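Written below as structure tokens is the structure these notes are about.
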Amino acid sequence: MSDPVNFVANWLKTVFTNWGVSPTWTTIIISIIGVVVLAGVALVIDIFLVWVERKVVARFQDRLGPNRLGPFGLFQPIADVIKLLLKEDITPDKADKFLFNLAPVLALGMAIALWAVVPLAPTVIGSDLNVGVLYIVAIGSISTLGIIIAGWASNNKFALVGAFRMVAQMISYEIPMVISLLIPVILAGSMGINSIVKSQPVWYIVLAPVAALIFLISSQAELGRAPFDISEAESEIVAGFHIEYTGMKFGLFYAGELLHALTIGGFFSCFFLGGWRGWGAETYPILGIVYFFIKAFFMYWVIMWIKYTFPRIRIDQMLNLNWKFLTPLALAALIMTALLDKIFQNASSVVYIIVMLGGNLVLLYIAYLVTGIYARVERKKVASPEDNRVNFPIKSGANIVETQSSERVQA
Amino acid sequence: MTGLQILFLIIAAITLGGALMVVTTRNLIHAALWLILCLFGIAVLFVLLDAGFFAVAQVVIYIGAIAILMIFAIMLTRKVAKDSGSQTNSTWPIAGIVAIVFFGGLVFLFQNWQPIHTLPPTLPQGYNSIEQLGMALVSPDGFLIPFEVASILLLTALIGALVIAWGKNK
Amino acid sequence: MIPLSWYLIFAAALFCIGLFGVLARKNAIAIFMGIELMLNSVNINLIAFWRYLSPNFIAGQVFTVIVFAVAASEVAVGLALIISIYRRRSTIVAEDINLLKF
Amino acid sequence: MQTDWLYIGIMLVVAPTFAILALIIPRILAPHKPSKLKSETYECGIQTVGDTWVQFKAQYYNFALIFLIFDVEIVFLFPWAIAYRQLPLFGVIEGILFILILVAGLIYAWKKGLLEWS
């Protein structure tokens, strides 16, 4: 009974075979059952995430959060869902009706679809695709498209501006994210996510901390969460691309964002924290599921921590951070990892780990120095007497954040 | 008729329908979205052809980048996109005839070619075509020169596009 | 099993629809969409030939990758040209761009 | 191989179906009283002026362009990364050369000030 999921699957297989169902159809039916169960579990977790999010943000802000409905307010999200289901659904007259409805479906659907390749345990994985990493990127592209559709179909100025900002941000941050994903692929020699997890006796966060950091930052931007939430800056464009959405349609966007955040946490744990790996996970796959979710929720907590700690950054700062800092750093890390790994691949594992870790730390230190010099030059430019105070760089359509804090974000 | 064949026919019908909508729809944004549907159908066909890498690459490059670039370009030139008049040339019937004749000619040529009725050979066990592709791309006996030239091509395209679009203003 | 001919006919049909788009559409961006369809039909052919005729010889896949790069470059430069024309002439209707016509 | 994709295909059908279900249930349960005022375009309470023609900032296009080129580059690099274990040092350096050539494009855009948001 160490592996209940496969036990049930095999039992179903024998049942169907005894009924005289052909092997092909057996596979198809079991796949459908597997998909429905996985998607259902993802949705239930998603509802639960509403509670987690509200509770954690309350704690960060020294509040209590939902605490009336059920123990620790645990039934609050259920009440939320019932409320959303009973709310009137308004479609604006000028909206493109079909596309307007398609966008939230894509938002939640793609967040669920990502779970198809997440290895929950050594033997519990929807589909051990040999192009798993690129599959994640591809699904990310489709969600980007969903946002453009949402912004355009709403036929609303705020929605369109919000969608453009969001898309510019998502496509920009996709570059460092994918480059940082190339590093685990190189180290594991495979794009299959399960094989990447399997090849991590030493967690990749030790071998490639720079890639882990870049992945964390850029996926935060990919999610459009604070500090990268200029796309829904309440003070200027009200709510961004989902301004016209009401009731359950908005609920789908919200649920999609929360589930996507947890999924990013799960992928981070797969790529850099050893996924389901842990004591006894090989023999008792059920333990692997527990380890995986502990790591995924830890990373989800980190993502929330970042979200509720940093102020929103301006759009020019957002783009600068991406193109002038993260992308070059990611490329440098990729080149360094490829070279070091090739040169030291026959060295003993202790030497190998020290070299990789050392290389990454040296790279981080160089990046720190270069950014410091760059920041000093920029500060001098801003503080030079001829344009002192008059041309204080308040960019159009961006909210005002102090230059000081922005430099801290960039550094 | 096997299940795979039915699947192929459904996908092919959706893709060709999407392609027809691309070339006939008035609203350019809609045309771009139909194009995306069509490209997605082609990605599914790549899966049927055992080229999973190209399926995801198709989605990443065509849908994730090229289609979005097109939508941005449509947005930039929106005064035209709103143009409610006819979206086709006056010579469109000729174009239609040319296309149909071309299609007929291609199908006629296929008939005289023997290997067209081959069925796919089974791939060897454990054959990793992505790995083979990666090896071929950087081995000097393989496609090293095209690989590096592709890089230079992309670089030239980037610089050229930036210069063409914004050259004078900076 | 799907015979090779199905893929070839499908690709031919897609190519001709793209050709029609290129010849018939007014808007330059729509013409680009037609070109994309044609390039994609070529890709299907390349992959189908690789799979059916020479699965052990990887050239078909390499060509497809190169076509991806060419398509991306072509879209980048082409759309930049269109935007450049739009900024100068405020039109992207292919018929109206006739400075070089004689 | 094909069974892996079968699962993905079913997932890509089922996942949106779940979302569509979530949209259909309110149709049955929720009240539906449309009014002209309610279905107007929202603009902070004031009347909407003109149509949705917003000034599209040309910079967005720039970034999409750079993104496109780098995206293609990354797709080229994935087969290289998978074959990485089998490659000699020479092959690895080929891949790095490929990256460096494209970095030149990034540096060009940076130097020309095309990465600035103005």
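As written, the chain order gives the labels A, B, C and D, with residue 1 at the start of each chain.
Just so we're on the same page, contacts are C-beta pairs under 8 Å (C-beta built on N, C-alpha and C of every residue); 3 or more make two chains touch, one makes a residue touch a chain.
This one's a predicted model, so the numbers in the text were calculated from it and none came from an experiment.
> From the centre of chain A, which other chain's Cα mean sits the farthest off?
Of all chains, C has its centre farthest from that of chain A.
> Quick one: most central chain, C-alpha centroids?
Of all chains shown, the one whose C-alpha centre lies nearest the global C-alpha mean is D.
> Look at the interfaces B-C and C-D and say which one is made up of more C-beta pairs in contact.
B-C
> Where the centres are mean C-alpha positions, what is the separation of chain B from chain C, in Å?
Spacing between the chain centres: roughly 6 Å.
> How many angstrom between the C-alpha centroids of chain D and chain C?
For chain C versus chain D, the centre distance works out to 21 Å.
> Where the CA atoms of chain A average out and where those of chain B average out, how many Å apart are those spots?
29
> Whole-Å distance, chain B centre to chain D centre, using C-alpha means?
Measuring from centre to centre gives 18 Å for this pair.
> Can you tell me which residues of chain B touch two or more of the remaining chains?
Within chain B, the residues that touch at least two other chains are 50, 52-53, 57, 60-61, 64-66, 68-69, 73, 75-76, 128, 130, 132-133, 137, 150, 154, 157-158, 161-162, 165.
> Show the residues in chain C shared as contacts by 2 or more other chains, in ascending order.
Where chain C meets two or more other chains at a single residue, that happens at 65, 68-69, 72-73, 75-76, 79-80, 83.
> Could you tell me which residues belong to chain A and also touch two or more other chains?
129-130, 134-135, 164, 167, 171, 174, 191 - these are the residues of chain A that touch more than one other chain.
> Give every touching pair of chains, nothing left out.
Pairwise, the chains that meet the contact rule are A-B, A-D, B-C, B-D, C-D.
> Of all residues in chain A, which touch chain B in the complex?
Listed in rising order, the residues are 24, 99, 129-131, 134-135, 137-138, 140-142, 144-145, 148-149, 152, 164, 167, 171, 174, 191.
> State the interface residues of chain D toward chain A in the complex, per the touch definition above.
Touch list, chain D to chain A: 1, 3-8, 10-12, 14-16, 18-20, 22-23, 25-27, 29-34, 36, 38-44, 51-52, 54, 56-57, 59-60, 63-64, 66-67, 70-71, 74-75, 77-78, 81-82, 84-85, 87, 89, 92, 95-96, 99-100, 103, 106, 109-110, 115-118.
> For the complex, which residues does chain B have touching chain A?
Touch residues, chain B against chain A: 3, 29, 33, 36, 52-53, 55-57, 59-60, 63-65, 67-68, 71, 75, 128, 130.
> For the complex, which residues does chain D have touching chain C?
Spelled out, the residues of chain D in touch with chain C are 58, 61, 65, 68-69, 71-72, 75-76, 79.
> Quick check: in the complex, which residue numbers of chain B touch chain C?
Those in contact with chain C are residues 2, 4-5, 8, 12, 15-16, 19-20, 22-23, 28, 31-32, 35, 38-39, 42, 45-46, 48-51, 53-54, 57-58, 61-62, 65-66, 69-70, 73-74, 76-77, 79-81, 83, 86-89, 91-92, 94-96, 98-100, 102-103, 106-107, 110, 115-121, 123-124, 127, 129, 132-133, 136-137, 142-143, 146, 150, 153-154, 156-158, 160-162, 164-165.
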